[in-house]
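Pasting the structures here.
Both complexes below contain subunit A, partnered by subunit B and then by subunit C.
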Partner chain A sequence: MFVARSIAADHRDLIHDVSYDFHGRRMATCSSDQSVKVWDKSDDGEWHCTASWKTHSGSVWRVTWAHPEFGQVLASCSFDRTAAVWEEIVGESNDKQRGLSHWIKRTTLVDSRTSVTDVKFAPKHMGLMLTTCSADGVVRIYEAPDVMNLSQWSLQHEISCKLSCSCISWNPSSSRAHPPMFAVGSDDNVTYTGKVQIFEYNENTRKYAKAETLMTVTDPVHDVSFAPNLGRSFHVLAIATKDVRIFKLVPLRRETTTTSGPTKFEVQVMAQFDNHNSQVWRVSWNITSTLLASSGDDGCVRLWKANYMDNWKCTGILRGDGTPVNGTSGQAGAANTTGPSGTLASQAAAGGAVSAGRPKAQLMPG
Partner chain B sequence: MLLSGSQDGFMKCFDLRKKESVSTFSGQSESVRDVQFSMKDYFTFAASFENGNVQLWDIRRPDRYERMFTAHTGPVFCCDWHPDDRGWLATGGRDKMVKVWDMTTNRAKEVYCVQTIASVARVKWRPERKYHLATCSMMVDHNIYVWDVRRPYIPFATFEEHKDVTTGIVWRHQHDPQVLLSGSKDSTLYQHAFKDASRPVDRANPEGLCFGLLGDLAFAAKESLMGGEAGRKPGYPGGDRRYPIFFFKKPDVTEQFAQVSSVLSVFEAPAAGGGGGGGGGGVGAGSRMDWFVDTARLYLLSGKPFADLCDHNAKVAKQLNRPQVSTTWTMLRIMFSEPANISSSTNHLMSKLGTLPPLLNSFSMKELSSGLNERNKESRQDNIHSLETNINNNDVENEETEGSEGQAEYVFGDAELDDDDLYSMEHDNQTEEPEYTLPQEAFPLRHEIMEQPSAPELLEKAESPHVSGSEAESICLTSSESISLISVSQLLFPPHLPPTFFGPVVKEMLAYYAEQGDVQMAVSVLIVLGDRIRKDIDELTQEHWYMSYIDLLQRFELWNVSNEVIKLSTCPAIGCLNQTSTTLHINCSNCKRPMNNRGWICDRCRQCASVCAVCHHVVRGLFVWCQGCGHGGHLEHMGSWLRDNTHCPTGCGHLCEYT
Partner chain C sequence: MEEVDVEPTITFIPGVNSQQNHLGFVWGPGDILVYETSHKAAGKQPLGPSCQDVQVVRKDEDIYSPILRKLFNESHHIFVGLQNIRDDLPSKNKKPQFVSISKNYRSVIRACMEELQQIAVSTRDLALAAQYGNQVSILLAVELIWNLCEVLFIDAAPAGSLLLHLLDWVRLHKAEVDEKARDVLRCESPTRHQFFWDVVISFVLQGRMEEARSMLAKQAALQPAAQTMFKRMDNLLLKMPIYNPSSTQTLTEFEVKWRQWHEECDACLQDSSFASNPHLETICKILVGDDDTLLEHKELLSTWYHYVVTRLLYTHPTVKPIDLHYYAQMCMDRFLDSRSPPEPLDSILLAAFEFDLHQVIKDCSIALNNWWFVAHLTDLLDHCKLLQSHNLHFGSNLREFLLLEYASGLFTHHSLWQLAVDYFDHCQGFGRVYLELLIERVPLDTERKALKVLRICEKRQMNEQVRSICKIMAKRALRNNRLGSALSWSIRAKDAAFATLISERFLQDYCSRGTFSDLDLIDNLGPAMLLSDRLTFLGKYREFHRLYGEKRFTEAAKLLLSLMTAKIAPQSFWMTLLIDALPLLEQKEVIFSVDQTHELMFCLEELTSGKAQPNPDRPMQEEDLETTKIELLRLALARNLAMAIVKEGTVEV
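Here is the complex of A and B:
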């Protein structure tokens, strides 16, 4: 079982995001209190806050780390309609001794006219690129042409998603067979459309074009996350909406290399779980993409794992304050999940692309 | 009475009964931005100024202000007295702040401060709501925000109708908190009903969750979500079941906006997680990543004969409790070994199989089998099954075989057993019931059959969906006296079978490992097998695997392993990873001149540049040196020297610093 270690975060309002760095030694939190805190893990496993500073003049929605090759760099985005890039300054030795570090703002990206809801660095092999998405439905991709100069970012792409965006996730695959691709989720609750869109870079037009819309996801989406692609030929995408969903995107082989259109995907639902019984806010993959964690309004973290048959099952439930959930995780999880996962597995096996608006009841156990 | 403030710095009070101003107040500073009569005190008014000051005046005393304080940096655009005569004054300025001042004390005290995202043009307290106020901005931002001053970071509500700057806001009625009027430069006037307002906090994410590298999980969530309501049923009407129903006063959910905070915790996977990367385990076991690090460290990828590498890696995998990986290594060794080694290696396999821990379930059997020809493996698994189930498998074919075979002591798994059956068996095993243990005595080592002429035939047949029982029989019968399971395994690897035969199978297996998230295995096998398999897998896939694995290794800060992988890789794209942006400039440590020839002898001072300063021997391998004086030597020598000394060991007097 997991050991819960509680940390006195001392944020004065809600924490909206936590993010580990590349090596898992540092953690950043951001909060509505307009500040970001950086935590370092000491050798004894304790987390110490080494920096805390006011980043924005509004709620900070997300914080994310850049690849360490570019230095110790954070990006944050906020309700105040900006995204910012921060870099840690090493030097001042007396700061170090006190266990504090100094972060300075390298740039503020002010292009959005509404709240910036998510910010993500693109995979490292694409260079130093930053993507933001905002409540007015625009995804912006910035690039720092000189990786040594973090104060210069040029706006490379502006992609309109038509729907208010809430989250974005890059496909981490570094294979040359996979063009750059990202998924955008929308928390729009007015229109009845697919809320997850997938955009792909087209080498010929040098633009991002929509490759796919997941039409089955019609409820507001709070988080999307591509699984780390460790040499896979297909992509796995987890979605947090009113339930947890796992999609598999299998790129279909192109007949000829000259076709300029975006890659076609065969979309399969691998799993769908409503065990949270409420809105799901976050999904996160472990590093080998064998384990998915989700958290929902029930205040619990649930862990999902696939067996060798690609049946996803709940392998654990963690209460946020570390108290165990009544009844063993195995019982609760297994009892609730076997139904839907079994059904879905058979459907996935049948290879049918999922049709839009499939009635939910069909998937419920019992 | 009407009060006005002007850009000239004066305020005038008009009595509507007269045609001229009653009195003039001189602020004696820059222009006046706002004037407001106090609700509490009829004679008092507040004036806000361009320079950031707020003045309090008594209307009966025009010569001098009662008090003055600096409220903002930059102009104070507006001020508003709290309607419930609490002596609270709200001010808004260009510094994007709204501040609430308690004016009842001697010195004006800042009690709340709200940071908005644009300069504040108007501020108006909301009627009947003690802590709420509405603001609008004069540029950039067209929205109207209603704030709860106790929670100064997120607007309680926003009205987003205006398309241009909002110029004025006012609450419709003194005692009605629900209706707000606003005018804007987009030449519209809106009457907002409060229920139409959007609530940013509803869309705000109350939770953060992130998987760490080592399988630990950071989780931050709203405190209230952690409480007893975790088990709450969906759709339960707002409220708490803990209280009896007659105490239940339905709170106005829409107006609840108290201060909230989050709980941050890190779930750490237990250190002794069993390392079951492939086998799986409890909640924590599968998430802990130690196995990856250990495997990466301990695997040998080069420097030994192929068979030894495989053996070593199999041992490593076994130690780390990953039987299926271990078995795969063993099988690879058998498949690709030189024909001369065949018999011994087969024996080896069998003893391995025999000693496999009881953990070995059909899952790993399946894995294992993916390394083999599908059909062969199935038949073998049948064997195992039939052995396990004490030959009471109700398969008719089985019994036939048994009968006809006569001498055979062990029943063959019949090649004809249905796929479906087989898989259903696997399913059964999967459901975590105690696995069948393989009785060791089921694998007695009979003497081997070295030549089996009909083996290729079997293999060919194996490709076809059905191998008839008689064929299998005939093979069995041709092989001498007592045929055991082992001899069957032997049949599968006749010495004259070229290793290339296994290419497609191994390729499939590697792809399987990669798709299961174990790219480590894929790359390790790729490297160890080298040319034996390389041509079977397309370049792009190989490159992808290498890249993924190297990225993982670097995440875990396994730089040496990562470097080894880069070195051993055959993809040109990977090989050049180490060459990019690396230039070495070498200076002689004695005479400080650049070294221009190859080798380590400086041609100016005729000395070897890479001499350890401690032991005076030439350093091979890691040479560490001080960036300041350029002297250095063996890593361990320098380390031990610097434990006791701070000066350079050469005696150059430099205070060496190593970071």
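Here is the complex of A and C:
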């Protein structure tokens, strides 16, 4: 792998989250400088900032895109105890010429009394629904009943987790066999208890009920991430805690008498890696869940891959080169010189004569 | 396949201090974005200067090379052809097909390699030339491995033929000797050329007796004194028996003949026939398979696998496949410097000689930076039923794993993703799910691209993806105020709610402007009209305008009335419809019959009765306008009723 290009994000403070839109042609960044920026990728692969605005009155922790079926919609959450929904409106033509777009605030969700730590849209088959979780230990699920009018959001569910919440992840499965389900993680470091809870929607009570607590995860949890279901009967959940853990949740067959209760799961640990040495902060799957990426206190991003026998191993590490940067602009050109021609050329030089016919590329696939 | 113990590759991100801060990341299509961040408690500032750049990190895959793209395109055709070979043919009949497919794959590799080689030579950019050169050397190795696998696994030649194939393999990949021979022959006196004997011996090492003889003849002509000696060597070379698989000769008969010849060579050595010419003496020693002599020519052999084949040629020409590994291991050990560990290519070839397919595939996966080779080779071997025989339960699993990896890689490329679709189609386990996940992420930059993606999904009955793509396009078109496009996409998405919404917008536009846009679309709705009530009304209402425009008044009137009586039109629109009826009521001839006029009157009453109370919110002018309209209508309806009664009461004479 190599650094193909560099984008001068130009936030005035620490970046907390970067989020790609569904098709990977746009991205959004958010920062402690209380702003969100939207970036568009041109045909030549360059990223251009097309909008930048103040979104909150505190650090913006996370920013996320709604599915494009609902239009160009962003949600953000902040230390200022709110989450907000933003919609891009088609601007006047001179704005378009200047490559700018307009985002207007559709709603501010003010129900939390503490910092809103995560915000996620529910899978699109459930409609336009937004979930927040906050340090006060409450998960809130909002719905926009009219997708043409994003200024109306109603609080549908308020679920108390009794522990300060740090992260949520929806199970993306749209199979009828799987009721809506999400996992919520807690970074509470006071109580000794399971820090990941799984909630499931009950068709009869029309409420979310706790289906499972992962009792083996007792250390603070900073991120959770469901893998795409791939048509399997079980679910795969990655967790960032003092290590990276991958769990398999196998729904147990329901007994006919207890159909009203939540699904019970057999919980298996598929893999566990402590290579980050200490806390792990983020875990995330690629589109087909063949790769898991994690970042931790070692300052690295690690890529994990299973072979076809389901043996997991680290296949790549991204690490800062440690050189401080003098000034933030004008870096793109310098970074570009470390492109593929550079790395491959040195390989070829080591490989010697072409006619020798020996491959020197020792790079791991994947 | 046991766990692969390879150190993960480390990629350094410029400007980020990993000791003090964290690295944040997000997955993108074909890349990862990373940025410096800090996850420490809220409010605390991170230590040290913070880097404000977001870095785009990509896999260094070959899919972005324009020349290799040809490799991917052409091998895709071969792959699809291979999948279509019928399963029910007995495998004996399929073998020639498999061999020819294997050769096709190899010729694609060779074509690519030659093109790269040419470009590498002609380019002036040194770094680029080196990059191309590197790719050439990888392709060379890939072709070398593939060819050996073809000989050993796919063709699976028996003893006798086996060595002939191996000789071909060595000759193909040790073509330097031909170049050298050309140089030698081009010079004025080839026999004095410094490489003359190198070329002759190289020919002998590859078993190319004819060519060796014709070179020797030149030397003989210059040394009349040594005529008999040269004649003797020529005779040995000429008489060396070569196994002919298509002749009636049995392997045993061949072995007898070969042994006789071998003894003859040996005799020549014993009676010092060539003692006066060290070169001929060397050749004779090679012919009897003298190991020390062979190893003295490491330079000319250049590789241990050439050494294996040459050694077998002159000691065990009827070697059986199952004995190969023994010779290969021995020759490798003798040939390579025992201090340096074997390189990846050596281990891969050795694994092939050992018929350890899984080891070959595993080592190739590690040594190469793309999945092209392992995916295609494994697929071919799987079709040959070679993976199953090793281990029943993971043969096709391995094939699918590799194909999925390869195809997923193609999907990150802006045009190659289309090839990947066929690969996914031929992965029974997860192919479809992968395709579903990846295809919905293909950016729908243009309508054309959206249609292309849509066709692929429709062909595979991926209903959810079809719906989603149409919905995205409809939403986008609406945002940009392209109502026609938005309507046709929502019809494709069978999205009733959205179609209703857009129909409303059409009707609003009509009310304010008096004309319809996108007439073509609305006129040709057909059964799609039934998707939503409002869309039905839009279609029917437009049909009324068309009939009216064509002066088919009676039909127009009937339709207009039915829109209200059948409750197709929303009541909010009735006034507009009644006003539309005005010109029909005022035609010279009677269009609405007595009954129809009555019905129109009922409609008007139904509409106005509910509104007896004047709406206080409405401005007076609007209220007045409304009253005027109603009065006009009442008058016109009454007059029409009168005329209709007269007309219907009149008996035609």
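Keep this in mind: the second predicted complex is superposed on the first by the 314 of 366 C-alpha atoms of A that agree within 3 Å, B and C clash if a C-alpha of one lies under 4 Å from a C-alpha of the other, contacts with A are read in each partner's own complex, and residues count from 1 in each chain.
Rule of thumb we're sticking to: a residue touches a chain if its C-beta (ideal position, glycine included) is under 8 Å from a C-beta of that chain, and two chains touch if they have at least 3 such contacts.
Note that the structure is a prediction, hence the values are computed from the model and not measured.
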Query raised in the report: Looking at the overlay, does A:L252 come into contact with subunit B only (first), subunit C only (second), both, or neither?
Result: neither
Query raised in the report: In the superposed arrangement, does A:V283 touch subunit B (first), subunit C (second), both or neither?
Result: first
Report task. May I ask you to decide whether A:R302 touches subunit B, subunit C, both, or neither, giving the answer as first, second, both or neither? Result -> second
Report task. Check the residue A:Q34 against both partner chains and state whether it touches subunit B (first), subunit C (second), both, or neither. Result -> first
Query raised in the report: What is the contact status of A:V90 with respect to subunit B (first) and subunit C (second): first, second, both, or neither?
Result: second
Requested in this report: Kindly classify A:S175 by the partners it touches after superposition: subunit B alone (first), subunit C alone (second), both, or neither?
Outcome: first
Query raised in the report: Looking at the overlay, does A:L230 come into contact with subunit B only (first), subunit C only (second), both, or neither?
Result: both
Report task. Go through the superposed model and pick first if A:L155 touches only subunit B, second if only subunit C, both, or neither. Result -> neither
Query - First, second, both or neither for A:A9, with subunit B first and subunit C second - result: both
Query raised in the report: Of all the subunit A residues, which ones make contact with subunit B and with subunit C?
Result: 1-9, 11, 13-20, 22-24, 27, 29, 47, 59, 79, 115, 124-125, 174, 222, 228, 230-231, 281-282, 284-288, 290, 293, 295-301, 303, 307-309, 315-316, 318-322, 325
Query raised in the report: Which residues of subunit C touch subunit A in the complex?
Result: 1, 3-4, 6, 8-39, 42-43, 45-46, 48-60, 64, 117, 120, 126-128, 130-131, 133-134, 136-138, 140-142, 144, 173, 176, 343-345, 365-371, 374, 394, 397-398, 400-401, 404-405, 408, 430, 432-434, 437-438, 440-445, 464, 468, 471-472, 475-476, 479-481, 501
Query raised in the report: Where on subunit A does subunit C make contact in their complex?
Result: 1-11, 13-20, 22-25, 27, 29, 47, 59, 67-72, 79, 90, 115, 124-125, 148, 174, 222, 228, 230-231, 279, 281-282, 284-288, 290, 293, 295-303, 307-309, 311, 313-325, 328, 331, 334-335, 338, 340-345, 347-349, 351, 354-366
Report summary line: Contacts from subunit B onto subunit A in the complex sit at residues 96, 115-117, 151, 153-154, 200, 203-222, 225-227, 229-234, 259-270, 277, 280, 282-284, 286-287, 289, 292, 363, 366-367, 427, 430, 511, 514-519, 522-523, 540-541, 543-545, 547-549, 551-552, 555-557
Query - Residue ranges of subunit A in contact with subunit B within the complex - result: 1-9, 11-20, 22-24, 27, 29, 31-34, 45, 47, 57-59, 61, 79-81, 115, 124-125, 166, 173-177, 187, 222-223, 228-234, 277-278, 281-291, 293-301, 303, 305, 307-309, 315-316, 318-322, 325-326, 329
